[in-house]
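The structure's right below; bear with me while I get my questions together.
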Amino acid sequence: MQFLSDAECEYIRNGAKDGIRSDGRAMLDIRPVTLETTVLPTASGSARVRIGKVTDILVGIKPEVAEPSQDFPDEGIISFTVECSSLASPDFVGRGGADLSAELGQLLTRLYTSPVTRELRRSLSIIKGKKCWILHIDALVLDSGGNLFGALSLAVRAALRVVILPRVIVIPGEADDDDEIEVDEEEFKMLERSRDAPIAVTLASQGDRGIYMADCTSEEESCATASITMGVSPLGKSCGAVSAGTGGIDLDTLSSMLKDAAQLGLEILDATDRFLKTDIDNRMSGAPIVPIGFFS
Amino acid sequence: MGAITYGPLVRIDGEGAKTKERDVREDGRRWDELRPIYMRVGMLSTATGSGYFEGGGTKIFCAVHGPRPSASNYTIDGTMHCDVRWAQFSGREGAAGRQGDSMSEEERELSSSLQRTLASAVRLENYPKCRIDVSAFVLEDGGGGFAAVTTAASLALADAGVEMTDIMAGSTVAVIGKQLVVDPSAREEAIADGTVRVGFASQRAKVTDLMQNGEVDLEQFREAIKVCCTASAQVCGLMKECLVKKAKKWLKKRGRSEM
Amino acid sequence: MISEDVYRKVHPKEYLKRFIDKDVRPDGRAVSTARYLRLTIGSINTAVGSALVRLGNTTVLAGVNATLIRPNNANPDKGIVEVSVELLPTASGESRNVRGEEAVVLAEFLRTLIIPHIDVSTLCVEADKLVWCLSLTVYCIDHDGNLEDSVVLAAVAALRNVRLPTVRMVDGDEGGDIENGIENTRMIDADNEAEEGNESIMAVVSSKRTESLELDNFPLTVSFQLFCEKALIDPSAEEEVVCVSRVTFIMKPTGDMRGILKEGGHILSPKLYNSCLAQSKERVKEYMKKLQAGS
Amino acid sequence: MESLRSDMYVTPGERVGEADKFEAGYGVCQINNILVATLVGTLVQEKSKGFGTKPTLKIKSAKYSEGHPLLPDIGSKVTAKVIRVTPRAASVEILVIDGKPVREVFKGTINQQDVRQTEVDKVEIYKCFALGDIVLAEVISLGDRHSYFLSTAKNELGVIHAKSKAGVVMMPVNWQEMLCPATNSKEFRKVAKES
Amino acid sequence: MEAHKHSSASFTILRPKRLSDNAEPVSRLSHVPITSPGSVIPTEDHSVRARGTLLSCGESGNVLTATRAGVISRVNKLVMVMPLRSRYIPETGDVVVGRVVEIANKRYKMDVNATKHAFLLLTAINLPGGVHRRRNQEDELNMRQYFKEGDLVSAEVQERRKDGSVALHTRSLRYGKLSAGQLVTVQSELVKRAKKHFHELPCGVHTILGNNGFIFLSQTRKGAISLEMRRRIARVANSILALDSEFIAIGPDTIMDVYQTSLANGVEVKDMCTPDVVKSICVGARSMREAA
């Protein structure tokens, strides 16, 4: 966590009261996002998201055939590993990085175990109770300049939108239990239901009633008194929310924050879906994809 | 060992409960009714302050140690450390960390969540160079375990004589279909579409901690938060009674000894 | 002049000595008086057996979890009992691991005492296929001395309180019928990944818990702290810190002595030994009364 | 002026008055012009100390007697036990603060220059304190990250209880010597002047 | 309050550009003596090797090779390779902006974007009111009253000690704690050493160009900051960041050029960080630099 002097905090707070932020944005404006999918040739689906010039997240998906969990026999499994690279920031070295990684992983797990993604998980089932796809989603935080939750959820969603899974053929056995599967390495399908995947929106309050901002820079984050992060599904439902910070938020502000978060989430979902259309089309057509590279 | 674990046996599937459209709940409560609550403070001898909360099947001990010298770096303000644990047999699968050492992910998350809630009211600036340790232990979780931890921890802090600008209580609301269910039991929690948990500072009327799981409509979400706050305010009322009762006892005892 | 409080803090040993010389203890007890014991059995609904012991301020909670597992290859017809003791931060305020050593010692002490008295063969549902695994966890919630006695008593009370559901092994087909027909039963069905192949175990577990555990001739302990040629029964934390020598009598429920454990360099004279033994016998009667009243 | 009932119990967060009418005392804190209680106890109103000042509201804490110092503060008189002696300083454990035993032991340091008032440069710590001595001292600073800084410079501060090498409690002879009644040998200490 | 909120939020997604799209013609750089590790540095006799170079055995006797990528720099007979990008390397007399990270042992440890924390001794600061006296123990105990952890302080590099540590001082009225403003961080190479580092830009924004790449922006006059002034400060900040990403030296003239160009092009403040816009508004500044 970057730490600021009281004077800088005050500057940011007073600016927020006037509705202007240090980089000229209005309260709910989001910095330009740079998004690229299929950046990793070895992953089945991948995406890299950068927000502003700093926040930089890379996500790769690796599918595997496994057994479904006992509690949800007809669903596949989406498992997350988030790693905050200690190269990115000295804060990520040791405990700080581990804690943040855990926090980010928890949020993703919360988003992707919620009922809004049930159909997505069901589409990963192969044989009920016996075989399913498990998607190992590895996220790497390469650099942090605020709004990690938003960037991470966006990257995961984008990677899911373009992930391809090999076709699986079920060979019926003599008894019910003896079904076998064969993975066809030639033919691939995309995950249609990944359109259900949610996005996380974080709004941070600076302590003043009714004033809060979206997509905070790390400076703004370190002087925020409280923030809420809400998962927004494409239907505008909340699918997991957590708060952070010790300031507390009064009810009216909170209520309006939730409304704005939901609206902002829908806008982001809409914009990303429009943006990703060409990526998805390319992927479907099987056109070769040349990653642009890391230094762009 | 190659053993296959089947999970605790005490869990009974709640299938069918969802379809039952009744005016009252399984335990006969109204939808907006809390379970009977029992609270006590100051029953642990080694701690500076302690609180016990029991509501429905949920039973929680919470202890506050300190202010004590901080082992870490010099800090102008005091620091607070929270440690929330579930007993192995608390009935909450996966919540309890493995024996002995490390905390489970959930315990870790909840500990930092509790720290946030409490730190919003504790006047840490009055405890330079010191740390305050708050440790909670859930003996049994019959639903709403974490919300109750917040309540128990607040009681313990107040009992410890730690300066606070407010009293916090937690409460949970489950969304089952269209219905908002206040203070859900473990069974209701299991069948809910989504749950909303709020830590609430009653005097400042501020939400200090918010957590939502599952899937909830925006409107339901906002409504649920309001309902949570109302429920928390109710709990806060009871907490105050409990604290004042204890205070009277203390002062009476002191009055005698000073005479 | 220093006040009593200050003297107690600054010279704890001299403070205690002044009391013991007059045959009184700082909390008002006589040297041979144990603290009041409260025993609450079966208060935790989510555990198959539980007990809460309050010995003065010392508070200890024992609970038992039960799971069905595949037995150990070495002992296919024996269940498994796991014992662990944890000193919670509520008692010490230290974060975990800091007092891990003390907990490990207590756990080992408890394990050696308790395990031989549990008939693990009664925990077998079907040899080679399914047995019960009981895990007994004892949590020390408040530590005001004499954890040994409290931990052992809580563990014994919790184990005596264990009620397990009946388990019946069924075939695969039958299992399906039962699942649909009878309410409140839970099916257990899982692939057996052993080398025998794709054999699966099916069992039906009743919702009522009736089967209790065979546990007879269980151990009970009575501890004394040796100080100034005197034995303080049921020492408090304040006394434990000052004294170094400790004697623990391991007793049978009948009041007979089973063993004795002594640590520290002070001499236990035959006279003192006899007096301690007599006190232990009385104490065990008290334990038994509470155990029987609770169950 | 409104008078308060003596048995008015308050809990943390409870509003007790306005800042323009009252001063915030022990257990009361001001948040945006409002005074709120921060402790459990009874509300006490103290008359204003002089002309133009406001009366003070404070809490009589249920748990502690009034103004119970939980922590060492600058100016507190503490009783401490010496746990380490180095040529530059003596490390102590603070056991009692202003006559009240502490729940948690705090670490303190008596630096060479704070042992006595005069000839500060000539102080030899070994001739002032020994392991296990009980010392009366005063907190002069919150110190560094490990310990509070203490001083025994005043006459009435210093060693109040010490055992000789023979293990016998010694009697003070003068401000820098103590006598062992068993062996009749003298040992050097910075002795507190008994009042 | 409601008025300036809830205007529909802006959200732009960009596709990254290929490196080749951004590449500049190599010819423009040909006059700069750039080298890379292992390359032989042409030397005259009796050259003295310095940082970034290594004397190694070549086919025709000993040759000087570079150990890092950068610009070959010669001062009389001294040959060294200055890295193109590095952390800030403090030199005596530099004006820097630093952040207090720790207070201990009569000194403030300051983050100045260098490889090590610099330190500011209690004796090297001006006491409030400008009193001159020996610092006593009381001052030592009250160090937090002057600067706290997290505070931004402008200072001057007093000296680089032999052990590599860097001492700062604030013994001039223009140095000291910075308030009511915003910090912009850029690559330290872009802030050239100059006579003046404190500038009042024509738009009313006060800048402190720290040699270490920390640039502090605030309002020239005292008092409350108006909305218009905040916009200007934000525009200056974004101008500086644009220069930084285009690797153009940062000075009052270049800043103002970007500032004016962006105004003339009607670019909104918040849009000043997209790559295309950055390119277009930096054109003037670039040519200005190249002319110079």
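Order of writing sets the labels: A, B, C, D and E. Residues in every chain begin at 1.
Operating definition for what follows: a residue touches a chain if its C-beta (ideal position, glycine included) is under 8 Å from a C-beta of that chain, and two chains touch if they have at least 3 such contacts.
For reference, the UniProt names are A = Ribosomal RNA-processing protein 42; B = Exosome complex component RRP41-like; C = Ribosomal RNA-processing protein 43; D = Exosome complex component CSL4; E = Exosome complex component RRP4.
Everything quoted here is computed from the prediction, not taken from an experiment.
Novice: Determine which of the two chain pairs, A-E or C-D, is joined by the larger number of C-beta pairs in contact.
Specialist: When the contacts at A-E and C-D are counted, A-E has more.
Novice: If I average the Cα coordinates per chain and compare with the overall Cα mean, which chain comes out closest?
Specialist: Measuring from the global C-alpha mean, the nearest chain centre belongs to B.
Novice: Report back the single chain whose CA centre is most distant from the CA centre of subunit A.
Specialist: D
Novice: What is the chain whose Cα centroid lies farthest from the Cα centroid of subunit B?
Specialist: If we average the C-alpha coordinates per chain, E ends up farthest from subunit B.
Novice: Averaging over Cα atoms per chain, report the distance between subunit A and subunit D in Å.
Specialist: Inter-chain centre distance comes to 54 Å.
Novice: Report, in whole Å, the distance between the mean C-alpha point of subunit C and the mean C-alpha point of subunit E.
Specialist: 66
Novice: Compute the distance, rounded to whole Å, between the mean C-alpha positions of subunit A and subunit B.
Specialist: So the centroids are 29 Å from each other.
Novice: Between subunit A and subunit C, what is the separation of their C-alpha centroids in Å?
Specialist: Centre separation, subunit A to subunit C: 47 Å.
Novice: Indicate the residues of subunit D shared as contacts by at least two other chains.
Specialist: Only 144 qualify.
Novice: Quick check: what residues of subunit E touch more than one other chain, meaning two or more?
Specialist: Subunit E, residues with two or more chain partners: 148.
Novice: Going through subunit B residue by residue, note those that touch at least 2 other chains and give them in order.
Specialist: Only 7, 65-66, 68, 201, 204 qualify.
Novice: In their shared complex, at which residues does subunit D touch subunit C?
Specialist: Going by the criterion above, the answer is residues 79, 81, 95-96, 99-102, 134, 161.
Novice: Touching residues of subunit C toward subunit D in the complex: what are they?
Specialist: Touching subunit D from subunit C are residues 3, 5-6, 8-11.
Novice: Enumerate the contact residues on subunit D facing subunit B in the complex.
Specialist: 9, 11-15, 27, 29, 31, 36, 38-42, 60-65, 68, 70-71, 103-107, 142, 144-145, 148
Novice: For subunit A, which residues count as touching subunit E in their complex?
Specialist: 3-8, 10-11, 14-15, 18-36, 50, 52-53, 210-211, 214, 219, 260, 264, 267-268, 271-272, 275, 292-293, 295-296
Novice: Considering only the defined contacts, which subunit B positions touch subunit C in the complex?
Specialist: These residues of subunit B touch subunit C: 1-13, 43-47, 50, 57, 59, 61-63, 65-66, 68, 81, 83, 85, 87-92, 99-103, 133, 135-137, 139-142.
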